[in-house]
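Comments concern the structure below.
Which chain is which? They are A, B, C, D, E and F, in the order written, and residues in each are numbered from 1.
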Amino acid sequence: MLKKIVLTGARGALGTELRPALAKLTEALVSTDIVDAPDDLAPNETFVRADLAKMDEVAPLMDGAEMVVHFGAIPDEGPFETLLGPNYVGAYNVWEAAYRAGARRIVYASSIHALGLGETAAGLDTDAGHRPDTFYGLSKCFAEDMGRMYWEKRGLEAVCLRILSCTPEPQNVRALGTWLSYRDMVQLVERSLLTAVVGFTVAYGVSANTRAPVSNDRVRFLGYRPQDNAEDWAEAITAKERTPRADDMGYTRLGGPFAKVPLGESGVEAIRRMAAED
Amino acid sequence: MLKKIVLTGARGALGTELRPALAKLTEALVSTDIVDAPDDLAPNETFVRADLAKMDEVAPLMDGAEMVVHFGAIPDEGPFETLLGPNYVGAYNVWEAAYRAGARRIVYASSIHALGLGETAAGLDTDAGHRPDTFYGLSKCFAEDMGRMYWEKRGLEAVCLRILSCTPEPQNVRALGTWLSYRDMVQLVERSLLTAVVGFTVAYGVSANTRAPVSNDRVRFLGYRPQDNAEDWAEAITAKERTPRADDMGYTRLGGPFAKVPLGESGVEAIRRMAAED
Amino acid sequence: MLKKIVLTGARGALGTELRPALAKLTEALVSTDIVDAPDDLAPNETFVRADLAKMDEVAPLMDGAEMVVHFGAIPDEGPFETLLGPNYVGAYNVWEAAYRAGARRIVYASSIHALGLGETAAGLDTDAGHRPDTFYGLSKCFAEDMGRMYWEKRGLEAVCLRILSCTPEPQNVRALGTWLSYRDMVQLVERSLLTAVVGFTVAYGVSANTRAPVSNDRVRFLGYRPQDNAEDWAEAITAKERTPRADDMGYTRLGGPFAKVPLGESGVEAIRRMAAED
Amino acid sequence: MLKKIVLTGARGALGTELRPALAKLTEALVSTDIVDAPDDLAPNETFVRADLAKMDEVAPLMDGAEMVVHFGAIPDEGPFETLLGPNYVGAYNVWEAAYRAGARRIVYASSIHALGLGETAAGLDTDAGHRPDTFYGLSKCFAEDMGRMYWEKRGLEAVCLRILSCTPEPQNVRALGTWLSYRDMVQLVERSLLTAVVGFTVAYGVSANTRAPVSNDRVRFLGYRPQDNAEDWAEAITAKERTPRADDMGYTRLGGPFAKVPLGESGVEAIRRMAAED
Amino acid sequence: MLKKIVLTGARGALGTELRPALAKLTEALVSTDIVDAPDDLAPNETFVRADLAKMDEVAPLMDGAEMVVHFGAIPDEGPFETLLGPNYVGAYNVWEAAYRAGARRIVYASSIHALGLGETAAGLDTDAGHRPDTFYGLSKCFAEDMGRMYWEKRGLEAVCLRILSCTPEPQNVRALGTWLSYRDMVQLVERSLLTAVVGFTVAYGVSANTRAPVSNDRVRFLGYRPQDNAEDWAEAITAKERTPRADDMGYTRLGGPFAKVPLGESGVEAIRRMAAED
Amino acid sequence: MLKKIVLTGARGALGTELRPALAKLTEALVSTDIVDAPDDLAPNETFVRADLAKMDEVAPLMDGAEMVVHFGAIPDEGPFETLLGPNYVGAYNVWEAAYRAGARRIVYASSIHALGLGETAAGLDTDAGHRPDTFYGLSKCFAEDMGRMYWEKRGLEAVCLRILSCTPEPQNVRALGTWLSYRDMVQLVERSLLTAVVGFTVAYGVSANTRAPVSNDRVRFLGYRPQDNAEDWAEAITAKERTPRADDMGYTRLGGPFAKVPLGESGVEAIRRMAAED
């Protein structure tokens, strides 16, 4: 039983899934987000509204924290100036405050967009280097490099989860490879918290999809064993989607639509636009 | 539903397995071989007799083709002069005609003999380079390199399937590792056709054998999930076969008997001879 | 059916498991150890007491041997001078005598301690180089290098099994990754004996643990398919063990307690001491 | 003759060396820094005082720029909050403004501290990944990743020069390996500007030192041929410096004193302190 | 002193340079080409007109040959059908005839176009795989793979020289990296002939250019030490050539203009056209 | 100035070259060998006769030692039993005694025979793994692995010099690649002693031979810059030596004659026999 977990981004889609699961692993769960508290707090859960871009709001959260699950950020591409506070400075504030408070480990929602310009067909594993596709992805590169440094210089552990497409169900052909189900996401965070020693580790957030384009083979020590497979949706999804051009970067690159969205423009909107076109 | 598939080598053992499966995936299947038509054409299937070594016989087949499944070739080692037309020039004709006709993709029956002198025990994956064991294997190297070039310069996609031992049942100890069942072969071709974007991809044609000597781990994005395992035949087969010498290239190299057959002489006969000796 | 197998270390914990299994694979099993004979010899089993450090006691065992399963050694860290005879000279005597007798293959109980200073989180495969953690591990490095040389210069095959934690049940959190069940160990030795051709091969001795830190992906050709998974013990074990420091080499390195035991001092005692502290 | 070069950090030690050299390569050199203009402007040189952390001061500089030599930043470790503006936001402003202005290429003063925790004895080449040693080094990681993205998504070229120890003369034993003379630094920038096509390229800023710990072998296409060798100072320097402990990270890691300075504290002061201790 | 050397392509530009040099290394030089004899035969030189595409003209040349220097081929891109005889079948005929005649080694004029779509900035060495840019380059891939097979199966040695730009003087900016002077070309062939044992070796044909984009570091055992450096022409050449676009494949890829010439169309003409445009 | 150096093998050919050079680097040189003292001791040099296989003779030598140059061993292949004491146990005694005495570093005469079965044409660098060709080479593998362990567990540094052919002049065609001149050997030992921090480092002992088959590119940080080149002897040597068969392991493998000498038989005699045959 962990002493205290701090969860950032607690009111986001993924944070909302994580809250009850984390509450079971710890004596005290401190959930935080930039919006109001949810109305379904667990008995051992406290909610603190905070702006991650402000150190004086972040630091108090960390008091006595053993683990930090850092999922709070703008979850979309946008102008660098817009992401700078929440995604860059926010990540720094979390790491620095966690370190000062003596926390043991950060489990971080990194993203496939840290290497979104990587080739889908390359079969990359967790050693693959950065090729960000957006300022959003670049913020993940920044935090991963920072996480390695805090581990190597200060002994603060980190697991960076390069999440692919975490949604209730897979939503398009790309997601037949990239989908991460909610329960697999929760399991992956749990394993990242409960594995005895992790140092600095990178893992992909992807379910047991038949078509998964990336590999966690080198981090089996985490004990992550996903339960879901997007293939169960394959027939329905492929029936709906037009065949892309052979050089469509939305398919040839791991980042999907983010690989072709102009820098600084919303990838979420690009995805909607693409979906509408089909 | 694909508009039109052209299948070469349609009357070979593998082509015969593929015909009904491909007919279901397309509005129009054009089957071709150098021999007469089969008597069991599907309703949407046309057969055209053609010599792949002759461009004027190949080109007309491709009109309107979306995909080409190129399995037509002499399936055995022989003198270079004998293989030159069907296996080398034939491959060129197929790629060039497909390109001119605006086809999207070629699924090609490459072979393990493109790297038949590779070490069985090396655990090679799909990045492994060429080490042909025969003029037959060399023709596969030629077509793989050509396929990469047509993709990189002209945008014509290709999946090169390095087929190991595709037979109804595994036939000897080597095949306990190298067997590819017919239904897994069909699935692999289907996945190669249906995956949205493939660029230039190499995959091994091998079933889910416990002892498989090569790995498709890097091309999981294709979604190939083989169903069969030669291990089910292991007891019966191992009881019959004598233990080879430790340096027997028929075992130490991926190409099996082709690895030791003299260049230009039939490997199929060598396999029969070896089987008879046991 | 193998003509004759010689098993060294036949009275050790692992040898005792192997004896009945090996007796079924061979016409004649010669079991040997430095202590007295067991009282449950199989009908086709002979026991010869021998000191592996003495060539004149080893050589006679090998007469007519087809395969040698070399598991005899001091199974713990100790002063170099103590290990020199049984673990170093003993291995040489076994290889040399086997070669002189015309044996085909040696299956050797190597150990994870040959690379016990390797990183747990690195996801190493069978190509990983030596980083011994003890004089015990160093003796395994010595024998692996010797085994490669006997294969490359003399054609004597070898399978070096880098055994992790072979016990009846997993005993601690580390073993949730490193456990090798007895029946998986027996299967791995059987596969090492029965695979037609092995040349010089290294494989990890580990069960199908969800958390396995090392990979046998490159030696699937051996056909080893482990049946057990330490994860079945996870809940009970994790409940008992204190969380280690993030930089505890007993967790960060593959060798576990051996990675931090002083050179020349018993790792078995260190393990007991650690267990007592929990 | 280049149309226009913008040089940031023009009043720093390296910028001061670069100004006359760049003035010869271009019709118009725009030099900028956060301090006052130098009094030795070349005839075709203009100086504009600007704060790189402010886009509205950076953007006007770029009008009509063909090349940008971005050397402006705080050249030392400090608190993240201190570096955020000049080193992080400043780099973004330069890349974004250069892109908007249609510039062709950025030559960037990256630093060995982007991988300052890399092993000195590892013989790393330009493919080596990030292991920052400081917030300063982390800003270089950030800019390198950003530079790759601007190239891959927007076609803005970049050469990232991982400068080691650029001083008039080598100053200590470490610098016998890491020294970059001023004239070699100038040559390296010139080659980065004049090479016809560079895409995204990383090169080490190091002279032809006999003891150079990193390698530019993979980027010979840049045509950089350093003229100086710190070995000429070896005798004098080694006579003065005490032998470090074998595990002194100031020697075992590429970052030297930065590898051991606490995060956020001045490495320059650490270097002075170390020098004083000798 | 070698017994007999056969030189194909003896009347080409490179063959003409080689003839007197080879005549000094051998008792008997047999020069051959598809055109008439030169009028400056060395005393120990015989010229035989032959069409390499015809085995009955190639085979007689090889009688008693110790070494074959195979430089005969169409030295330009063209339709596959045009290259098939001279470049593909011709290479086969040379290897097969040399083997039948008991020759020891073939020194082959391969070409950078075997990997002409490789990245200029990647710093490739001799292990780099095939990425042909033309049917011309593809013929080199074919012959390299064949050469490896003849070595591995039949013990016929080969050195494949991937020649970059072999001309009297470097002719454009690309050639500042890719130039191979005539005397360095001759030296490289000499070293390929005189090195005691070569097995199957690939080396780049490039002078000691400051800007050389590829590396022979892994084949230093050949003892090739080039004397010339295109940098001596740098100033004159760079003054004449316009700066290319950043994504100009004539610069970003090793194959230069061949990387962008349409398949089957003359690269030599493309080069002329490009030169005229400057 | 080093406090005390212990040199083993001081009366061997290489030790004799080293003695005066080492005497200049240290206040006290203790030279040792299993034979009598030389008659040319330097003023600060002491000679102690000792059998390295006996710890009680080795230990006293190390008192106060800062560096150990361990060159004492049987310099030839022989039966394992013969080499066991001097080469295996001797190395252990030196490392253990040096550690107990608080020495900082061991410079060890390893040998190319630790990977003597490696391919000559592979262009190996210092990361290449062990492939011993003899019991002699195997003893070098043993000591290298031990050296890594003493560094990683106990902080005792080591530089393992894989010496190729150290003789006054190159003696045969193989040595045109493998020669190490005496003065380059001395320089390499000096650099190994004087480099500030080395951890565990492997370097090749080879001169600046044009034909050098192995590479020190990854250990340039040592500052070794060889002065001699066997090429100066090339003409005279190649005139005398017959051309070997293409598959002669004396040429195709790094170990030269040791690669083909039977295990346990003198390689020195094999070399003499080969020389006599020419």
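By our rule, contacts are C-beta pairs under 8 Å (C-beta built on N, C-alpha and C of every residue); 3 or more make two chains touch, one makes a residue touch a chain.
Predicted, not measured: the structure shown is a model, and the values here were computed from it.
Participant: Please state, in steps, how far chain F lies from chain A along the shortest route of touching chains.
Facilitator: Contact-graph shortest path, chain A to chain F, evaluates to 2.
Participant: Could you tell me which chains are in contact with chain A and with chain C alike?
Facilitator: B
Participant: Of the pairs given as A-D, B-E or D-F, which one copies A-C, with over half of its contacts the same by residue number?
Facilitator: Duplicate interface of A-C: D-F.
Participant: How many angstrom lie between the centres of chain B and chain C, each centre taken as the mean Cα position?
Facilitator: Measuring from centre to centre gives 41 Å for this pair.
Participant: I'd like the Å distance between the centres of chain C and chain F, where a centre is the mean of that chain's Cα atoms.
Facilitator: Roughly 33 Å separates the two chain centres.
Participant: Mind pulling the residue numbers of chain A that touch at least two other chains?
Facilitator: In chain A, residues 217 touch at least two other chains, as defined above.
Participant: So which chains end up touching which?
Facilitator: Once each pair is checked, the touching ones are A-B, A-C, A-D, B-C, B-E, C-F, D-E, D-F, E-F.
Participant: Which chain D residues qualify as touching chain F in the complex?
Facilitator: Spelled out, the residues of chain D in touch with chain F are 119-123, 173-174, 176-177, 210-213, 215, 217, 231, 234, 238, 241, 243-244, 246-248, 251-252.
Participant: Where on chain B is chain A touching in the complex?
Facilitator: By the definition above, chain B touches chain A via 104-105, 126, 155, 157, 194-199, 201, 217-223, 225.
Participant: Which of the residues in chain B come into contact with chain E in the complex?
Facilitator: 80, 84, 88-89, 92, 96, 117, 129-134, 137-138, 141-142, 145-146, 148-150, 152-154, 262-263
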